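Two complexes come next, and they have one chain in common, chain A, joined by chain B in the first and chain C in the second.
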Partner chain A sequence: MSIAEPADLDAPAPSLPWWRRLVHDPAAFVALIVLTIVVLCAILAPLISPHDPYASSRAVMQPPVWSDRGAWLHPLGTDGQGRDILSRIFYGTRLTLLIGLVSVGLGGVLGSLLGLLAAFRPRLDPWVMRLVDVMLSFPAILLGLALVAVFGPGAIPVMIALAIATVPDCARIARSIAVSVMKQEYIEAGRAVGLSDLALFTRYLLRNCISSILIFISLRFGQIILIGAALSFLGLGAKPPQAELGMMAAQGRDFLLFAPHIAVIPSVMIFVIVLAANVLGDALRDVLDPRLRS
Partner chain B sequence: MKRLTLTAAVALALPAFAQAAEITIVREVDSNNYDPHRAVARAAAEVLFMLGDTLVSLNPDMQTIEPGVAKSWEVSEDGLTYTFNLREDVYFCDGKQMTAEDVAYSITRWVDPETKSPVAWRAGDVESVTAVDEFTVEYKLSEPFSELLYQLTQSFGTIIDSTNVEALGEDFGVSGLNGSGPFCWVEWTPRDKMIIERHEAYSWGAPFHTNTGPASMERITWQVVPEENTRTVAVLTGQSEITQYVPDIALAQLRDASTVEVVRSDLAFWTYFMGFKIDKATVSDPAVRQAINLAVDQTAMAEDLFFGEVEPAYSYVSQGALDWNTSLNDTLLTYNPEEANRILDEAGWERGSDGVRSKDGVRLEPIAYVFAGSTWGKISESVQAYLREIGVAMDIQAFDATVAWGRLATQEFDMFGMSFPYVSSGDALNLYFRSENMPTPNRMNWNDAETDELLQAGKTALDDATRAESYGAVLEIVHDAAVWLPLYHEPMVVAQSADLETVVPHNIYGAGLYKGLDLKFKE
Partner chain C sequence: MKMGEVDIEATTEPLLKVEDLAVDFHVSGTVQRALQGVSLNLKRGRTLGLVGESGCGKSVTSLSIMRLLPQPPGHYAGGRILLEGRDLLSLPEREMRALRGGRIGMIFQEPMTSLNPVYTCGEQIVESLLVHSGLSSKAAMDRAVELLDLVGLPSPRERAHDYPHQLSGGQRQRVMIALALANDPDLLIADEPTTALDVTIQAQILDLMTDLRERTGAAVLLVTHDLGVVAQTCDDVVVMYAGGVVERAPTNALFADPQHPYTIGLMAAVPRIDATVDRLSTIAGSVPPPWVTLVGCRFASRCPLADDRCRSAVPPLRENGPDHAVACWHAPIEEATI
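Showing the complex of A and B:
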């Protein structure tokens, strides 16, 4: 009786590594490029900005370069305070992405832990899930309004509000995945060989759930950016003179009839970031989720 | 039969020729109520002027007191007793005749502590207001009040009907108000619209109106439209015939439009400023306050942010206001950033590595409380950018109007943004600089015995010269101390349909259309 080679027991391996398959999807490829450029612009903002994003000038409401009166001095024109829009877009993207990353990261970690814990310790399950239900009943915008009313406007209350808004969704997803993992025989086997709870949790449960959770978080990122921009649009997020894309769009609203570019450019930027993040999240799910492997 | 069809056709065609005398006025906000003694918003005043009358009225020149429901008045030698002789042909909307009893009732309710009117001080130190006979009112003060007649022209002095007030109780000014103005209350939908209709019997308009009554308009709808672009479009497309609430950015375009006429008053009695809480470490040094005044370019702000439609302010009240001290004209602080930096260097405020100045552990990072919204957003960010140039990092905290007033009554901030209407220098100074008005509206904590004495002298002055001299001296003291950073004076600008006769904008409490008597379609 021969013992099966471990390789034979593995699921058939995909022909290409996941990142190769990702770039083979043209939409995902474009989204990846766009997002890389956006992130680079955000990181390098202090180096590549042509002007001081906070310095106002007398040249207010200058049109962008492609319109008749545009000039290369301000490639995207200036806003109502005479500030260079291109520089503010770089800095604004920076803050917008930061708000998105921090809140999704924080909410994701907290939410996954809650969800995994609920699945791992069935006694805790009803308590954790009722807590999650309560959190789910607060819309993110309302929560943001309440937090800002307490702490005053600023990026940090918005991050906290968005993180809290991410927790319940993430917890539900993590729990549903973890519950099915907990039924697997290798968990039983692990218990049988006397693994500690901690080892069982980290080595078996977490490792088997993490990719699905990451996919959910990547999809959530776009939504969070959008809600963050909405809160800033309402004047709750970034504090002046900081630049934030939602706030820039709000400031441009008053000029909509006369200098539409002030509101349109940051809005397009939000659109591009959210779209790219969503397309990339979708593609990641396609290549990473083992259940979707064909 | 043929004749009948013809008549019908004519009847149908008529409205096309003669416009119905109905107009819609768009505005930005509504008032929380329309009780003249409890509502202090401009939104309340602009409707109350149309719904009611005051004892005396103010000429559009903002200086001359003219008759109202009082046809004449005498002031006693000691300035303590005012005797008003009322017109005998004034009627409320419900047809009841207005008598001296109504006047006495209105003023007494205004100053009654039970009413809790935030503007009771504007009626002076009232001892008693009594009806001597049916059409004579005796207004007795315990101390002279040189501003009294000016204050009585405001909407707070609206004469109301006691039976109406008692019948409506808490709903007075909410579900109705029986006034004697050129228009009568029809229906109010809060935060949406206020509908008023012509008072047919009205014939007692003040002499400076072209039309002393009844009004030409049959019906006026005050429509709330919060979005400024939407208001602009409403005027351009004829959905609204007249408004004073169009953004400055749109005025150039409106002037070019053949269907719209833009009328601008030369006077500007609504001033925007930022005040300093002078006992805060960041701004207690007069050098800092002076430097901040020198760092801001009000002229550039007026041109760039408000498209030249406002008047840059270097004085705390309009230089056209009654009792402005003309000797200050040459000493006002104007834009000079080099001088500002020099003053700060000399006073020992040194720039740190991040460019922000500090001295003895105090960093120049004043917290500024402002109202949320596009106007203060623009102003405060512009000031913030100017102050950055001289090493002052102003921290802007914007609050919605519902919480802002409460926040502005605290001691949490170093600077605050505010704007206010006034009829004269004395009006403005008594409101903001009296020590008894701390912590609000004297949010600067300006506590100066000399100022208090001079203000009292001005308030109780019996002749114009003493009053002007006293208020002039106060103006000099507060300008020298740089207690405020004046920003701009907002003139009254009205955008109206070209189908209307050109209106004369009024500056009283920022209510540009005042009584609405001269609103009229061209013939």
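Showing the complex of A and C:
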């Protein structure tokens, strides 16, 4: 770092705002565009869907347009009940993103706060971490089953189950990052400047942990979508006529040998969403952490 | 250099007075005494050196004055820390927070890790200014640039927008000093401010601190293990050993006539530029670990003069010359006897 210093003195300070630096990274730029398109499709699903996603037609298991028997009427073909896959992808993405975002958001915020608090107040640490251990001992699937037993199947019990499943992992990660940050001398220096606990917590601890937590959450987002799909597959999540990417993939499994597109297309969609989220999460960390700026 | 001068301020009440401070650490069910009977006085415009080897309680003392000792495991077991007559140990946390960074500034040992990496240097000084003064953020930024100029950073306006990792160690330590001085403190605590820097930068930082002390009239408590630094910058010295004060004297008196066997041993262990020595002497043995309950003199186990009285009774800190106090049954000692 010190070797590069003479150059630093002449070079203009890297004062680009973070979002400008984000789009300068080609991988992040592509991921950002892909995610924007995906989110737009999800939001605009009722407007851009060529068909009713729930309406069956007689064209059952029609392949997508690029295969020999495909037709532009159903660009991505139809599923086992003759429903338009493109429309169902739009609606399914909508529900999948919603489940992922809400549960990762809720669980991530709650878990991070618990973990940071445990590191910030060592007195609370054993209590918080035992609570987290108890939560950790419930598998997400079991929790989902219990919640569905109480509330009946649907997206909301799944979201709650997934949020609760995210809390302990996130708390553990946040705590381990925060414990090492708390050992840094700048925390003590911040106290020596006379900062309040709240300022120390937000401006020193949280601000120094957030980039690593963000990475974890963006990776977790992918996992959550997959667990959500697993819950739908077990019949705990979205109720059948509803479209959900994981459930669509699960339903297509029955026709995998003679109509693979029914399972493959929603799976590719999940893959694209998860990959884009991970790439973007990585890039966000690089951009938000001033130490990693080159 | 103010060494030896008797100035007017020396006759006034001390700004900081530590009386009989005792600090315990509660570690896995046991109580370990980290400080015992530490007393020191510091007057305005003076620099007091706190010296001793690692683990002797220097940093615990300086952290105690800021009341930054983590509690638990730390525990103030007795004594008082008076800043202009107010006992800091009994202040509510709110008032203590107003003092930290306000009337008491602190410089840390590691400039590489003591600045928050996610904010620019200017932002960190502004943060401290906003906590303690009613400045607008615009005025605070101007003041931050002024401070960075004061501590000798070239092109301070640009540096204020730099992140800590963009600066060298010496530059960062200058930023730390600017941060500590932000609110015109009366007392500046510097905990090994030059240890992590290379020698030429050390000299620059020490000169800067001496210069700033003269300009601001602040009192400086300089924690160090480097006797050379003490000789160069301090008016008075307190020598600590194993959690207690063993000798207290004006700097020139201490260097001219060290009285405690530990101080004498320390002096002998420093290479001198005006003498050729084949082997440097060392002090045999090591510091007693904190979990050992000391009965007599804390230095008895390593002292060449130790006798039965040293091992059974704690020697009090006695005046043994003008402002020169020693905690040793055998004082005054002629250096040649060791």
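The rule we apply is simple: the second predicted complex is superposed on the first by the 212 of 294 C-alpha atoms of A that agree within 3 Å, B and C clash if a C-alpha of one lies under 4 Å from a C-alpha of the other, contacts with A are read in each partner's own complex, and residues count from 1 in each chain.
By definition in this document, a contact is a pair of C-beta atoms (placed from the backbone, for glycine too) under 8 Å apart; a residue touches a chain by one contact, two chains touch by 3 or more.
This is a predicted model, so every value here is computed, not measured.
In the superposed pair of complexes, A:G82 makes contact with chain B only, with no contact to chain C.
In the overlay built on the shared chain, the residue A:P241 is in contact with chain B alone; chain C does not reach it. In the superposed pair of complexes, A:V60 makes contact with chain B only, with no contact to chain C. Contacts of A:L198 after superposition on the shared chain: neither chain B nor chain C is touched. In the superposition on chain A, A:E188 contacts chain C only, with no contact to chain B. Taken together, the chain A residues at the contact with chain B in this complex read 54-56, 58, 60, 80-83, 149, 152-153, 235, 239-241, 251, 253-258. Here chain A touches chain C in the complex through residues 1-2, 5, 8, 13, 15, 184-186, 188-196, 199, 203-204, 207-208, 289-291, going by the rule given at the top. If you check the complex, the residues on chain B that touch chain A are 228-229, 232-233, 247, 249-250, 253, 300, 303-305, 372, 374, 377-378, 380-382, 384-386, 388, 395-398, 403. For chain C in complex with chain A, the touching residues are 66, 68, 97-102, 105-106, 108-110, 113-119, 124, 127-128, 131-132, 158, 161-163, 165-166, 168-169, 176, 179-180.
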